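Okay, so chain A shows up in both of these, paired with chain B first and chain C after.
What follows is the complex of A and B.
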C-alpha cells in the first residue's frame, strides 16, 4: 500500500483534501466552516453545501501544492461518498469525478465512517480485528473492524450522538459552537459532583447508548440553577463538568462491555471529534486490557487523510468506482446490523 | 486552433450537455430527470465526447450553467465543472440561465428587457438586460410584486412572462421548463466560448439569488 492517493472529504462542515503516499501524510488541508454556522447554533446543511462547492477545488489545489505534487503524480482519487449531509457529499463526489474524468485516474468512493474506523491503521498499523469506538457530532457506534470492507456493529446510540449532545449543552448554556471545546473549557472550573446526571442505559445489557435524556437533564439543571433569570457562571461550570463526566463514564463502561463482546480485538481505538475531549480520552484509556489508541486530534476530526487512507486500502483490494458513483446520505457500515437510527422509509442512517 | 467547449447544465429537472467546436455544435444530449443528475452527468459527458470523437484533453474550456434554479442541480454541475477545470488545466466558465435564455430566445437582444426564470412557490427570478448585457444584480419575488423592476422595460422574456407583463409590457413567455434544454445548453457553450476572449474567467459559482433558509439560534438566559 504505497500508492499516492488524493483524499477528498465534505460530508459535514469541513471541506478537506489530503495527499498520502503509503502511510506518509504529504499534506492534510482542512477548511473549516465553524464561523459560517456559529450564529445558527449548529451546522446548517444548505450553508454547508454552498461553502463546499466553492472550496473543494481550492482545497485540492492547496493539498497538491503542499505535497509538491501534480495530479499526474497521483495514483488514485478517493472521495467520501456518504453518509453525511447530502449537499456536501454530492459536491465532493462531483468534484472528484471531474478530476478523475480529466486525468483518467481511478475513482474510489469511501464510506466516511470507514475513513474514521480505519485511521488507527494509518497512524499505528493496527492489525485486524480491532475494536473501534466512533464518537462524533453525527455518529456513535462500537465496531469490530475486520478489514477495509468488514465491519460488525456491536452497539451504538439509539438516539443522539455525543457530539450533538455537547453542541446542544453549549447552546443551552450560552456557550460558543462547536460545543465540544467550549464545554470542555468551561468544565475545568466546575465541580463534576455538583449535579448527578444520569448514566444512560447502564442498567441495560449490551453496549447501546443514549444521550437525549442527558440533554434534557442538563436543560432541567440549568433552569433550576437560574438566579433572577440568569445562570451563575459557577453553576454553568458545574453543569459542564458533571455532563462531561456523565458522558465519559458512560462511554468507558460501554467500551468495557464492547471489548468483552470482542475478545479477539488486538486494540481498542477511538476516533471522531468527541475523541478530542481530554476527559473522555482519559476515561477510555483506563478501559484496557488491550492497547488503547487515539489518533492525533487532526486525524480524529473530519479530514481528507483518513479518506485517502481508506481509499488506498480499497485500491489494494481492487475497488474501482464508475462515473455513475452515487452520493449516499445514508450508508451503514455494517449492512447486516439491524437499523438503530433513521430506520424509516429511507433506510438506516449509519 | 479551434476552440472546443464542453458545456452542461442541471439547473432544473434535466441533465443536458453540448459540445461546441469552433462555431458548430458537434454533439448534444438532453434528458429529463427530476433526480439522479449526480449519477448521470459524467457518463453523459463521456457519451457526448465519444460520439464526436473528442477527448477530454482536446477541450479548450468547460461551460457550466450556474442558475438560478434547483440548488442541488446547480451544485452538481458547478462542482463537476470545477473538478474538470482543475484536472484538465482549462478554464471553467459559468453562464447564468438568464444569459442563456436571453441569448437563445430574445426577439430584440439589445432592447432594455427583463428575463424571468421560474422560482419555487410561484415566484420568479428576474434579471435586467440593456444593450445586450445583464445590468445590476438579479432579484426574486412574487410576480405581483415586480412592478418597480418592470417600470421602464420594453419587453419581458421568460417564465411567467405573461403574468409579469400584465398586458402593459410586451411579453415573450416561455414554458416553465423551456426553452428546450438542448437549446439552452448550446447557448451556454457559445457564451462560454465567447467569454474566453475576455481573459481568464472567475471560477464558476452557483447563482442562488435566494439566501439559504437558516434560522438563528433560540435565545438562552444570560450568564452572570
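What follows is the complex of A and C.
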C-alpha cells in the first residue's frame, strides 16, 4: 500500500482534501481549519452544498500544492460517497469524477465511517481484526474491523452520541460550545459523587449505548439545584463531574463487553473527540487486556487523509468505481446488523 | 383548531401515544415538535417512525438527527423525514437539506420548527414540557381533518 492517493471529503460541515503516499501524509487540508477560509471571510461551517462546491477545488489544489505534486503524479482518487448530507456528498463525488475523467485515474468511493474506522491502520498499522469505538459527530458504534470492507457492528447508541450528550449538557448548564471541553473544565472543581446519575443500559446485555436518559437526568438535577432561579457554580461543577463520570464508566463497561464479544481483537481503538476527554480516556485505557490506542484528534475529526487511506486499502484490494458511482446519504457499515430497539430511558431508570 | 393535552408520566406512556398516533399520519403531513432540550422530542419521533415500520418488516435505528440534521426513513412506500433544525444557521439552508422538496410528500417530523422561515401549512403542532418525573404534551391540529384524527387518537388511547 505505497500508492499515492488523493482523498476528498465533504459529507458534513467540513470540506477536506489530502494526499497520502503509503502511510505518509503529504498534505491534509480542511477548509475550516486553514487560512483557506480567509478567502471566504469566515470560519463558520456551512452545510450548503454550494459552499462545498466553492471550496472543493481550492482544497484539492492546496492539498496538491502542499504535497508538491501534480495530479499526474497521483495513483488514485478516493472520495467519500456517503453517508452524510446529500448535497455535500454529491458535490464531492462530482468533483472526484471530474478529476478521474480528466486524468484517467482510478476512482474509489469510500464510506465516510470506514474512513474513521480504518484510521488506526493509517496511524499505528494495527493488524486486523481490531475493536473500534467509533465516535464521530452523530455516530457512535462498536465495530469489529476485519478488513477494509469487513465491519461487524457489535453495538452502538440507540439515541444520542456521547459528543452530542456533552454538547447538550453544556447547553442545559449554560456553558460554551463545543460542550466537551467546557464540561471537562467545569467538572474539575466538582464532586462526581454529589449526584447519582444513571449508567444507561448497564442492566441490559450487550454493548448498546444510550445517552438521552442521562441528558434528562442532568436536566432534573439542574432544576432541583436552582437557588433563586440560578444555578450555583458549585452545583454546576458537581453536575458536570457526575455526568462525565457516568459517561466514562458506561463507555468503559460497554467497551469491556464489546471486547469480550471479539476475543481475537489485536487492539482497542477509539476514534473521536471523546478520547480527548481525560476522564474518559483514563477509563478507556484501563479496559485492557489488548493495547489501547487513540489516533490524534486531527485525524479523528472529518479529514481527507482518512479517506485517502481507506481508498489506498481498497485500491490494494482491487476496488475501482466507475462514472456511475452514486452518492449514498445512508450507508451502514454493517448492513447485516440487527437494528437496535428499546428505549434508553427504560434502561436509564435501572 | 382541535387540541388535546395529556400527561405522560413515563417513557412507556410516550411509547403508547406514539403507537396510537403513528397510523393516523399520512404522506404529506408535517408534525412540528417543540420543546426545550430534554423534553422528549426525539424520543417521540423515534417511536412514531418505528411504529410505522413495525408492521412492514424491518424496524430501523433512529439515531438523533442533531448533527446530521435530516434523516430519512421509509415504511410501506411512505417516506419519513426526521429533522432537527437546531443547528440551522439560515432558513436558506433548508433547500440544501432537501426539506423543501420533502414537505408535502413525506411524513415530516421536525424538531426546532421555529428555525423554519415559513411554517408548513396544516401542520400538527406538538409541544412537550417537562413536568415532575414526566412530560406534559399538547397536540394541536389546525383543521377539521386533524380534529377528526385527534378524536380517533383519543379513542385509541382509551378516552
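FYI, the second predicted complex is superposed on the first by the 321 of 350 C-alpha atoms of A that agree within 3 Å, B and C clash if a C-alpha of one lies under 4 Å from a C-alpha of the other, contacts with A are read in each partner's own complex, and residues count from 1 in each chain.
We adopt the following convention: a contact is a pair of C-beta atoms (placed from the backbone, for glycine too) under 8 Å apart; a residue touches a chain by one contact, two chains touch by 3 or more.
Treat the numbers as computed from the prediction; the structure is a model and nothing was measured.
Visitor: With both complexes overlaid on chain A, does A:229 touch chain B (first), chain C (second), both or neither?
Guide: first
Visitor: If you stack the two complexes on chain A, which partner ends up touching A:87: first (chain B), second (chain C), both, or neither?
Guide: So A:87 meets both chain B and chain C here.
Visitor: Mind working out whether A:96 is in touch with chain B, chain C, both or neither, as first, second, both or neither?
Guide: In the superposed model, A:96 contacts chain B only, not chain C.
Visitor: Check the residue A:50 against both partner chains and state whether it touches chain B (first), chain C (second), both, or neither.
Guide: Both partners.
Visitor: Go through the superposed model and pick first if A:215 touches only chain B, second if only chain C, both, or neither.
Guide: After superposition on chain A, A:215 lies in contact with chain C alone.
Visitor: Kindly classify A:12 by the partners it touches after superposition: chain B alone (first), chain C alone (second), both, or neither?
Guide: After superposition on chain A, A:12 lies in contact with chain C alone.
Visitor: Using the touch definition from the top, say if A:172 reaches chain B (first), chain C (second), both or neither.
Guide: A:172 sits against chain B and chain C alike.
Visitor: In the superposed arrangement, which partner chain does A:329 touch: chain B (first), chain C (second), both, or neither?
Guide: In the superposition, A:329 touches chain C alone.
Visitor: Jot down the residues of chain A that show up as touching in both complexes, chain B in one and chain C in the other.
Guide: Residues 44, 46-47, 49-50, 86-87, 171-172 of chain A touch both chain B and chain C.
Visitor: Contact residues on chain A for chain B in the complex?
Guide: Per the touch definition, chain A meets chain B at residues 39-42, 44, 46-47, 49-50, 52-54, 56-57, 60-61, 71, 86-87, 90-103, 171-174, 222, 226-227, 229-233, 236, 322-327.
Visitor: For a test of understanding, state which residues of chain A touch chain C in their complex under the given definition.
Guide: 12, 44, 46-50, 84-87, 137-139, 156-161, 164, 167-168, 171-172, 212, 215-216, 218-220, 223, 329-330, 339-341, 343, 345-346
Visitor: Residue numbers of chain B touching chain A in their complex, please.
Guide: These residues of chain B touch chain A: 38-43, 45-46, 56, 71-72, 75-88, 203, 205-206, 208, 212-218, 220-224.
Visitor: For the complex, give me every residue of chain C touching chain A.
Guide: Listed in rising order, the residues are 10-12, 15, 37-38, 40, 42-43, 46, 50, 58-61, 63-72, 87-89, 92-93, 96-98, 130.
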